[in-house]
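Quick heads-up: structures coming right below.
Look at the two complexes coming up: subunit A is in both, with subunit B in one and subunit C in the other.
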Partner chain A sequence: MARRKAFRWHIAVFLAPAVLVYTAIMIVPLIGTLNLSLFGLVEGSRVFVGLRNFAILFGDPRWSAAFWNALGNNAWFFLVHMLVQNPVGILLAALLSSPRLRMAAFYRTAIFVPTILSFVIVGFVWKLILSPIWGIAPNMLDAVGLRGLFAPWLGREEYALTTLALISVWQFVGIPMMLIYAALLSIPDEVIEAAEMDGVTGWSQFWKIKLPLILPSIGIISVLTFVGNFNAFDLVYVSQGALAGPNYATDILGTFLYRTFFGFQLQLGDPHMGATIATAMFGIILVGVCIYLFAIQTRLRRYQF
Partner chain B sequence: MSARHSTARSIAAHAILILYTVIALFPVFVIVVNSLKSRRAIFAEPLALPTRETFDLVGYRTVLAQGDFLQYFQNSMIVTCASLFFVLLFGAMAAFALSEYRFRGNALMGLYLALGIMIPIRLGTVAILQMMVASGLVNTLTALILVYTAQGLPLAVFILSEFMRGVSDDLKNAGRIDGLSEYTIFFRLVLPLVRPAMATVAVFTMIPIWNDLWFPLILAPSEATKTITLGSQVFIGQFVTNWNAVLAALGLAIVPVLILYLIFSRQLIRGITAGAVK
Partner chain C sequence: MTRSLSLALLASTALGGAAAAQDVTLTIESWRNDDLQIWQEVIIPAFEADHPGIRINFAPSAPAEYNAVLNSKLDAGSAGDLITCRPFDASLELFNKGQLADLSDLAAMENFSDVAKSAWQTDDGSATFCVPMASVIHGFIYNRTAFEELGLEPPATEEEFFALLDRIKEDGSYIPMAMGTADQWEAATMGYQNIGPNYWKGEEGRKALIEGSASLTDEGWVAPFRQLARWKDYLGDGFEAQTYPDSQNLFTLGRAAIYPAGSWEIGVFGPQIDGAFEMGAFPPPVPAEGDTCHISDHTDIALGLNAASANAEAARSFLEWVGSPEFATLYANALPGFFSLNATPVEMENPLAQEFVSWRESCEPTIRSTYQILSRGTPNLENETWNASANVVNGTETPEAAAERLQEGLASWYAPQQQ
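The block that comes next holds the complex of A and B.
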């Protein structure tokens, strides 16, 4: 930064705290983790083993079965969010943004409430509600004559993951709703008025005018959902424990990483395999984000008003 | 659009929104209502409001006697407020440097700091724990504050620098002509103008910190440093069959956040919408 002018110390002063904390606590450990995945314990001492940990993760049938199971579950978890959370969020935002809607502030506040609650609360609350012992869910189904539909959803292998994904959707639907709502509000009135002049109103106005304008926001929400989902841990841990039962049916990458790194029951924790899994997750998230940045974002048309 | 058609549409809109509001609030309602009832009433009529006969605070008494919830709450407050303070201060300073001055490496620095928005800090946990063990910071609130500050900075810098580009140059130059230092310009002129953006950042930073379970579980699980999230998780795990205590613990965890949210909800929602409307 040597310049003709004197060195501008204030720039360094402004930047230093953020860059230092960020580098020391985030970047260095991240690189450390990537690096750690290349080491292993041989006869009690740490040695460089190259890509052997990855060979174990993908080659050893026990490890690779657990990994693909977690990845598959994670993909389904993400898919449920994309198919339920984001459309519902967009629908709610579209309704909220309609002009002259009374009590809009009340709805907005109420629908956002689950988002501020912690996973611990959310996990246990739903566990209690869905519990066959307490009987809130079965009795409510009974009241509408659908008692037969009830099953211990969190306890069945075939339903548990979807149930958890829907609980997570319930919790986070407020975020896409708010972001889309903000995007819809920022569409200038002239555009809407012009559409109305041309007789484009109601749903067709939403599909033909508003939706194309909010596509960039939907893109951002999708990538945020992706990063959040592939990094999720808390909800599964709270409601199903580190073993992600029943029979690993709800195991996602976050819980798999936690179990591997810290150990569980009789298995000892293994920092090197933990780092290997973290590196694999890093790769997955990086690929996803790059797909978004290069394949999707560049094709989105942006409109400037 | 005829008036009748419009009424029908608005009724449909309200119906959907009310339905979803009920879905959103129902679980919270069930927990809070039942935490105030006796054990028998919880099972007999889970959806009924507490009456004079069924009203019972036994759950809350158990929780307050067994768990150190006041301590947990205090820990959470300290961690959240301190991290928020550092994120906002450091983030705003860095954002100001990036948006105000032209220097070599500016764009690169912006990109470097933005990297953390996409890459979650959790992936570095293995090395963070080793680092905290080495520096003796395990089981301290400092460890959590450091981690959360680093976690919150990327988004803060990104949002705030977008906003700071919008602050009028004339104002800053007028300040310079009056002989104000760059620091005074930042603290006295620019910071007050980006207050809405700071609110946005505060919201997005605060919620995940308050609700995080991963780092408290790994970095600070000791009794003295448990946050409320971890504390209630452990407590509930131990008292799983004591329904009164579990419901009361959940109630205790929900109600303060809910009250804070209702107080700040207007500010919060304005912050979010202001953040997205650039």
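The block that comes next holds the complex of A and C.
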């Protein structure tokens, strides 16, 4: 009997590579960052300062104004994704899964392709499209007599962030579409047939039968969007630069972190305040994901077929 | 057997080492990626011809990323032997951290005036850590062909300047001025720092600000913002989203008449325009006729030695060469618009570069106001000035409000401004 309780070495052996690699490239740097945020430079040498950096970040009027501005912009960036990207993704998936649609494979590919493009290309191409000087957007609007609607969107404080968020939506709408499409395909035909027998068809079938069945996927997509948006940096950096102009209107946590950590132009990098911002970002994302895991996911009803 | 084998291995390593020592390769870190070709085709061959055994590798990165990239490389110990130095605090910080070597004892330092060296010295001037290479001058480059076509003359005063802009605008065939605010630094560097010295009286105003006897809300510092606010009407359609390359292209394609410039553009514009039209230049207009003109003649670029370099000796002989009149002539002519800081006068062939440098005779030179000492704290005055200048040109902040915000930010950490 005792032999059956022997330590199962193979579990440890099989887990080891993943655990070691993950620890080395994720856990150790994460702890290093958290640790760095508790230190500061006092007269040129690095000393432990406890939570002083956090007191500066949230207490100093300039630092806190910059932080809340970045967080507010980030929240808006996320909101645009939740209100546009995910509903449009679901809509596209619903259309694609319709058996009557022709060339579904073509649409699926075409909509998904931007997702695999680099941020640098997307940022640059859209900057060119929207350019008031060389862009095709003003000419296209002109062709339909709506030239008056054109504005240098990326250069105006009131539009720049929304414009960037919509560019990002254009790029990533393929991901919710694919995930929902897969979820829709996995709904068994019996369920659909039963619904049809009961006279539930068309849109009401989508709302009453399919949507409840894909809710868990929508939840996962929301979490992915949340984490992705609060870690976003590339698109803003590529199209607006590290100063996130105009007048910090497109400054999100990622660009704020970059400017602080690495410095910009004459501003020297401050790894300690940078790590403090990174820690705050980590906290925000952790709280967001926990809210989802404990408050939402546990309440989602699951259906067994 | 094993012993002889290990001996043989040891010998081969030693020989290999010796072979490497014969041919030292020095790597230069720089933000001047535009100059790569000139370094490779003109400057490096000239040096290597005289110095057998030393090879030079010019390895630039993008200007906007240079400081961040360089700092990371220096911290990680992977930076090149020679470091292109930004002026003032960015390099001073590296010297204080022990990452740049002290070059005060370099013989070539004799060739530079104290003003030229001031951007790469400790505050007390006791140590110099980079060999000055060049300064850049601000002014306005204009399309002479267009001016002749419209019968216009370069302006001398502020009033004439705006009258000129009005006439170009009325005519309608050219955008009066090519500048955008999307990149922000254009508005600050080509705008505020370009025209500003005439209002804050160059060095006098700049030094008063450092001493704390003047403030950014004084008339001399607000007036340039008032000027910038008026520029808005003369910039191209959608200038808020116009980037620096957009502005350059608008001018070189002949669509804009005037370009608020730094002299470094001369080398870029010449080949791009390729004779399609003639260029001319005028210094920033003075407020009233008869005022002394002030220009920004900014010590911009120097070369230092990585303190951790394994090839310090070879690198020093390269730096001696960089400090020589020979290099000055080579550099100033290969890169028109980068003016040598060497005390020996340099003959330049480019007429536009000659025009720029001629202002040194008639105007008082100064450097950019935010570079020395004043950008040491947080908020960083230079970066804030970018933001404020762009806001003022965009019309989203008044000149007075912008100046007040800058002053508040500066006074929040800079003791002489707190009284």
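In the analysis below, the second predicted complex is superposed on the first by the 291 of 305 C-alpha atoms of A that agree within 3 Å, B and C clash if a C-alpha of one lies under 4 Å from a C-alpha of the other, contacts with A are read in each partner's own complex, and residues count from 1 in each chain.
Here is the rule we use: contacts are C-beta pairs under 8 Å (C-beta built on N, C-alpha and C of every residue); 3 or more make two chains touch, one makes a residue touch a chain.
For clarity, every value in this text was computed on a predicted model and none was experimentally measured.
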item: Subunit B versus subunit C as contact partner of A:S98, first or second or both or neither; value: first
item: First (subunit B), second (subunit C), both or neither touched by A:S217; value: first
item: Which superposed partner A:A275 touches (first subunit B, second subunit C, both, neither); value: first
item: First (subunit B), second (subunit C), both or neither touched by A:K208; value: neither
item: Partner contacting more residues of subunit A (subunit B vs subunit C); value: B
item: Partner chain(s) touched by A:Y248 [first = subunit B, second = subunit C, both, neither]; value: second
item: Partner chain(s) touched by A:R46 [first = subunit B, second = subunit C, both, neither]; value: neither
item: Contacts of A:W134 with subunit B and subunit C, given as first, second, both or neither; value: both
item: A:P152 touches, of subunit B and subunit C: first, second, both or neither?; value: second
item: Which superposed partner A:V21 touches (first subunit B, second subunit C, both, neither); value: first
item: Intersection of subunit A interface sets (partners subunit B, subunit C); value: 134, 262
item: Partner subunit B, residues of subunit A touching it in the complex; value: 1, 8, 10-11, 13-15, 17-19, 21-22, 24-33, 36, 88, 91-92, 95-96, 98, 100-103, 105-122, 124-126, 128-129, 134-136, 139, 170, 173, 178-179, 181-183, 185-186, 201-202, 217, 223, 227, 231, 233-234, 237-238, 254, 257, 261-262, 271, 274-275, 278-279, 281-282, 285-286, 289
item: Touching residues (chain side subunit A, partner subunit C) in the complex; value: 44, 62, 127, 130-134, 138, 151-157, 240-243, 245-248, 262-270
item: Complex contacts: residues of subunit C adjacent to subunit A; value: 64, 67-68, 71-72, 86, 88-90, 93, 96, 180-185, 236-243, 246, 249-250, 370-371, 375, 378-383, 386-387, 390-391, 394, 396-397, 409, 412
item: Touch list for subunit B against partner subunit A, complex; value: 1, 9-10, 13-14, 16-18, 20-21, 23-25, 27-28, 30-31, 42-43, 46-47, 86, 89-91, 93-94, 96-98, 101, 103-105, 109, 113, 115-116, 118-128, 130-131, 146-147, 149-151, 153-154, 157, 181-183, 186, 207, 210-214, 218, 229-230, 232-233, 236, 243, 246-247, 250, 253-254, 257-258, 261-262, 265-266, 269, 272-278
